[in-house]
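Next up, some structures in structure tokens.
The following pair of complexes shares a single chain, subunit A, combined with subunit B in the former and subunit C in the latter.
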Partner chain A sequence: MIRSTVRFLDERSGGAPFLRKALRYVFPDHWSFLLGEVALYAFVVLVGTGIYLTLFFDPSTATTHYHGEYQPLHGLEMTHAYRSVVDISFKVKAGLLIRQTHHWAADVFVVAIVLHLLRIFFTGAFRKPRDLTYYLGLTMLALALLEGYLGYSLADDLLSGMGLAIGYSVLMSVPFVGANLAELVWGGPFPGTPAFWSRMYVAHVFLFPLLIATLLGAHLLLVAARHHTQFRGPRKTERKVVGVPTFPGQTPRSLGLMSAVTAVLFLLGGLVQINPIWLWGPYHVASGTNGAQPDWYLGWLIGALRLVPGFDVTIGHYTLVPNPFWGGALFPLVVFGFLWAFPWLERRFTGDHAFHNLLDRPRDAPWRTAIGAALFTWVALIFLAGSADRVFVTFFVSYGWQILFFRIAVWVVPVVVLLVTRRVCLELQASERVERERELAEEEARRAAAPEPVR
Partner chain B sequence: MRRLLAVAAVVLLAPGAAAAAPSGSGLYAENCLSCHGPGGSGTARGPRLRGVGAIAADFYLRTGYMPLLSPGDQPTRRRSPFTARQIDALVAYVASLGKGLPVPRPHPERGSIPVGLRLFTEHCAGCHQVVGEGGYVTGARVPPLEQASATQIAEAVRIGPYLMPRFPRTQISDRQLDSLVAYVQWAKHPDDRGGWAIGHIGPVPEGLVAWLLAGTALVAVCVVIGKRNEA
Partner chain C sequence: MRALWRYLVAAVVLLLGRGRRPPRVERAERIVPAGEPSPRAELLVLALFGATAACAVAFVVVYAVESIPHQTQFLGLSLGLAFAFLAAALIVIASRLVVTEELEEDYPVPAHPAEQEALGQLVEESGDRMTRKRLLLVGGGAAGAALGAALVTPALSLGPAFEIAPFFRTPWRRGVRLVDEDGRPLHAHDVLEETFYTAYPEGADREQLGAPIVVVRLRPAELHLPAGRDGWAPHGIVAYSKICTHAGCAVALYRKPTFPTVEPRPALVCPCHYSTFDPARGAKVLFGPAGRPLPQLPLFVGPSGELRAAGNLSGPVGPAWWGVRNRRPS
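== the complex of A and B ==
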């Protein structure tokens, strides 16, 4: 029965040779190669839970008065968008579980991409012939950030409304074209027209997921076409990949990982509260709350907005570059721009245009490791500055001092990290050399001491 | 409860203090005069107290805001060095210095939580965060509200301690104040759904959970699954 079905499919698709190849595809044998897969499965969970949410979400800015399950909001005026999210949380079967899982999945999706990116960066996996794969990955990261921001904004609660207000002011701050861009996206001055909500909705549930899925497909095809990289080791060469085949080796691993990711996300969704929009209340223009923060993966932008000293670039009365531009727009552009340019920069400076299928260990490329560590430290410090207000309230560390500290630290610490990391890499290399020489010498001595074996 | 214990301790340890009725003016001269001047006339180190009324004295003393340790500081909540009876005497003394508002008697049970939420978002959340978890504003730490009693909430609204603005009746009526107090009281233990509430402040602790809990768990899974099967 199975045999005849398989034959039926094969005779009509001619897929057997391809399938055989796919099943014999070799996966390298190191845990860090699984981080990308974690991101992949988080994305699958996002799509799955997201579809469920679309069945109940109402992207309308028409207002209503709430008379649902949840007493503390009774009688309040709110948009249907907000009302429907409250209903998803309290009325829809498994709605809160799915909503929270969706949100946790978004948070964890970006965590996994960042970890994956770190692995790729520090092992030099982005080098030719995989730079294209790397660019696709970076683009997906950028899209994931925007997609998360859109999802966060759709709920129309107090925090998301404030998040949109910040986004609007950042877009407005782009020199020359900012005002027109914002007008174009919002369809009018903040908070925009109802069309803006449908635009966000279409972008969040259709355009961005489709874009990410397409890029993801291309990313995976490229990985498969170029094969995985691998660490140096016995029998591993630039031409030969050593590892486990898709089947029976990798398949159970992947399935296991998929189950684990799904389990972790649903556990979080069921057990840990995330974005309790019913506590934030509905958004009304000109109302706000202290310490409104976007989701964690945009915290670095909030940190940057806080750290940039308050100044505008003006010509006469005309404000050329309003302040939010530096932290909200230029900063992420610099970070992404640098990451994008890095494969090219590295080729330029090392003159290394060769194909690379074997990975470097971080110590093998001291400059790259040092630069990566410095960049990461820079972004991480700015990110931490984004929560300075909570640190102040919780631990009584003066806000002003913290900001002053960060303003200096973000320039000093990365340089220190750069120098120290490079030094450490070089020392590690040197100690390995010494070790190898000692081993060789010992071997030699042993051979000289021992009598020639009698054959 | 904590206050009761403190009072009990003081009563047990210092029976003399409990027996004789404490003198307001005496306590004032000892603890407040250096900053607020004789008869509450004010000095460079502390404002005039004539006319601030029982309401201000009650709030500043029962929150432990006063006596301030150093004049430049923002007053913060701590355990008051005075017994309840000493505070009563001090409040009466400060109230006697001039005309002022009495201690308010809010009735949160007459208020409505949804109305309170709306008022709180409109007037207070910009500083205190929408669930009353506090925050930073230029020049001050805005305290979380989980320790403020109903009376203290009403007092704070009317007197506006430190950088906080004052909200007179024309702005927030007594009925609205009842709702506001009801909301702040409710927000100390809001109707939580969805599991472990990680502080009601949103993304900062959420990011921590995403990295430390989920991130660690998933990397651990990768390490376990990715371990080479030496066979």
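== the complex of A and C ==
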């Protein structure tokens, strides 16, 4: 059976030698190497559940009056887009399960990518020869954020409408060309023409998934072409990689992880409510609600939009930089731009152009670790500022004071983190050196104490 | 009965064993190192496979039987557990039923200088017949750029990209009645202090940024509207665009002083990033990221007490863009 299958395939594809090599491809073993895989499997679930949802979703802004399963919305005017999502949630059997699983998968997808990115950054895995792989990964992260935003905008509930209004304003705020771009994308001033919905739809279910899948393929090909990185260890050198082969060792592990990710996503999708759009109601230009929280991965942008003091940069009557540009466009561009530039910057400043297959521990590269920690702190603080209103509601800390605090903290704390992290790394290095010297000395002492071998 | 059983077994054996056996390849030494069998782990895996199947069946049952309550929850639970058991089975297989080998492999060579050289040479020599390379390159580049521009031009059909008039358009004109959500005209005596109202221009499309306004009543003595807005607020009733000048959300909150010592003034607040506008002072920004006040709608009271617009809004509505300060709305 096995042999005949192998023969069949080899005689038609000539792939046996390649396959044999692939099955014995070596995976170094470390838990943190699984983060990227988690993202991959979340993507698989996203595609699967997403295809199912397209069979029921109706991307149309034509309006209708609701008379379906869910009583509280009866008689309300809404778009077919919104109605079809309510129907997926109440009328389509298993529809709500798939919808919520899809939403959870999107959240987990982005978490996994971000954690994977942190791992890559702090271990220096982005260095030559894997910088190209890293760029592809970063690009996928950016695409994933946009894709998620598009996804929850499509439902046309109150929150998606508010999100779209903000997105529109951020695009409008781009100096010189913003209004023209927004007009182009929306087909006119907000809320735009009906065609805008088809555009979002085709972008969400076709263009972006295709782009992400293509980059994902290239990313994995590059990983395989250069093999995995590994931490320093016995027999593990810049020349030799040590680990478990694809088959039989890695395959059941990886499939197990895939099943586990799928299990968690379906459990979340079934048991933990997410984005109950029937509670938010349909969107109208004139409606808004307090306490609206977007998906977590947009929190950093909300925070940034909220922190910027109220001013537009103007020259006479010309508005050069409308306010949302700072938080909504410039801030993410700076963060991504810096991450993009980092491999090059590091090469520049350290003069290290060598190949690296061995990973650094964070302490081995104090500057990198410090800079990474500072950048992370910066983004995290701004993210936190985005939830200041929740803190106000929960703990009654004045919103105004919190904003003032964050406006200062986002500039001060990262610098402190930078210096402290670097110090800590250096201390760790030093204590390691001491330890090693002590061991050497002890070894020597033992040798000295041992009786001279008789000649 | 016995005989039947035997026939059955024989048939199965025959079916499974059909076909020619491939000639046995001479076995070289083992590739995957041998390991101890582990019947207990096998049993565990079997049990886990059983649990997976049971949960999967449960999923189908929950799907099929209408009367089961909390369908979404049970569907998620059964399917999730099915995958969880499968994951457990695979992990037991990985850790107990296949040998864990540690292989060593050489990293791929960092670079292939000879090949690189050959590639470069190949490309260079291919161009040997061309004498004016620079010129050709420039020509080719120009052709490519022009073609690229031509190919993206149809994208301009997506929308009017250079028309800015639509950004200034609002449905408000002198005499237009203010109506509430249900289309009923709003009367001056309907407008009470301590609360706020959303109103629309009668008969206009409400899903445009220029349409919705907020209406509040303040004590006339409190009003300090900017110069030139005398008579815009009959009986202390003021109206502003409901669309936040920061990022286009609806200004959906009205803060009436609950703590007079801390926040003495009423304010219109946008729930998106908490831009706060002072309705008594022409919706000046008190706090938050908005860069412009909310445009004000001048009002007058019609013959039967209804509120009407006395003109267009005082400025363009909604988020800022490069030309937002250029013109009055039309």
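By definition in this document, the second predicted complex is superposed on the first by the 450 of 455 C-alpha atoms of A that agree within 3 Å, B and C clash if a C-alpha of one lies under 4 Å from a C-alpha of the other, contacts with A are read in each partner's own complex, and residues count from 1 in each chain.
Everything below uses one rule, namely that a residue touches a chain if its C-beta (ideal position, glycine included) is under 8 Å from a C-beta of that chain, and two chains touch if they have at least 3 such contacts.
Everything numeric here is computed off the predicted structure, so don't read it as measured data.
Placing subunit B and subunit C on a common subunit A by superposition gives a clash between them.
Using the contact criterion defined above for the overlaid structures, shared-chain residue A:Pro72 touches subunit B, although it does not reach subunit C. Within the superposed three-chain model, A:Trp31 lies in touch with subunit B and out of touch with subunit C [touch as defined at top].
Once chain A of one complex is fitted onto chain A of the other, the partner contacts of A:Asp389 extend to both subunit B and subunit C. Look at A:Pro362: by the touch rule set out above, it reaches neither subunit B nor subunit C.
Look at A:Pro414: by the touch rule set out above, it reaches neither subunit B nor subunit C.
Of the two partner chains placed by the overlay, only subunit C lies in contact with A:Phe311; subunit B stays clear of it.
A count of residues in subunit A touched by subunit B and by subunit C gives the higher number to C. Only one of the stretches 81-89, 153-161 or 189-197 belonging to subunit C has C-alpha atoms clashing with subunit B in the superposition, and it is 189-197. In the superposition on chain A, subunit A positions 96, 100, 253, 256-257, 260, 264-265, 268, 270-271, 284, 287-292, 389, 399 are in contact with subunit B in one complex as well as with subunit C in the other. For subunit C in complex with subunit A, the touching residues are 19, 22, 25, 32, 63, 71-77, 79-84, 86-91, 93-94, 98-108, 110, 155-156, 158-164, 166-167, 169, 198, 200, 206-209, 211-212, 242-243, 246-253, 270-275, 285, 287-292, 318-326. Across the interface of their complex, subunit B is touched by residues 29-35, 38, 70-76, 89-90, 96, 100, 104, 107-108, 110-112, 115, 158-159, 253, 256-257, 260-261, 264-265, 268, 270-276, 278-281, 284, 287-297, 299, 387-390, 392-393, 396, 399 of subunit A. Across the complex, subunit A is touched by residues 113-115, 117-118, 121-122, 125-131, 133-137, 141-144, 186-187, 190-198, 200-204, 206-211, 213-215, 217-219, 221-228 of subunit B.
Partner subunit C is touched in their complex by these residues of subunit A: 3-4, 7, 24-26, 93-94, 96-97, 100-101, 129, 162, 165-166, 168-170, 172-173, 175-176, 178-191, 193, 195, 199, 225-227, 235, 238-245, 248-249, 252-253, 255-260, 262-271, 284-292, 302, 305-312, 314, 317-320, 322-324, 327-328, 355, 357, 389, 399-400.
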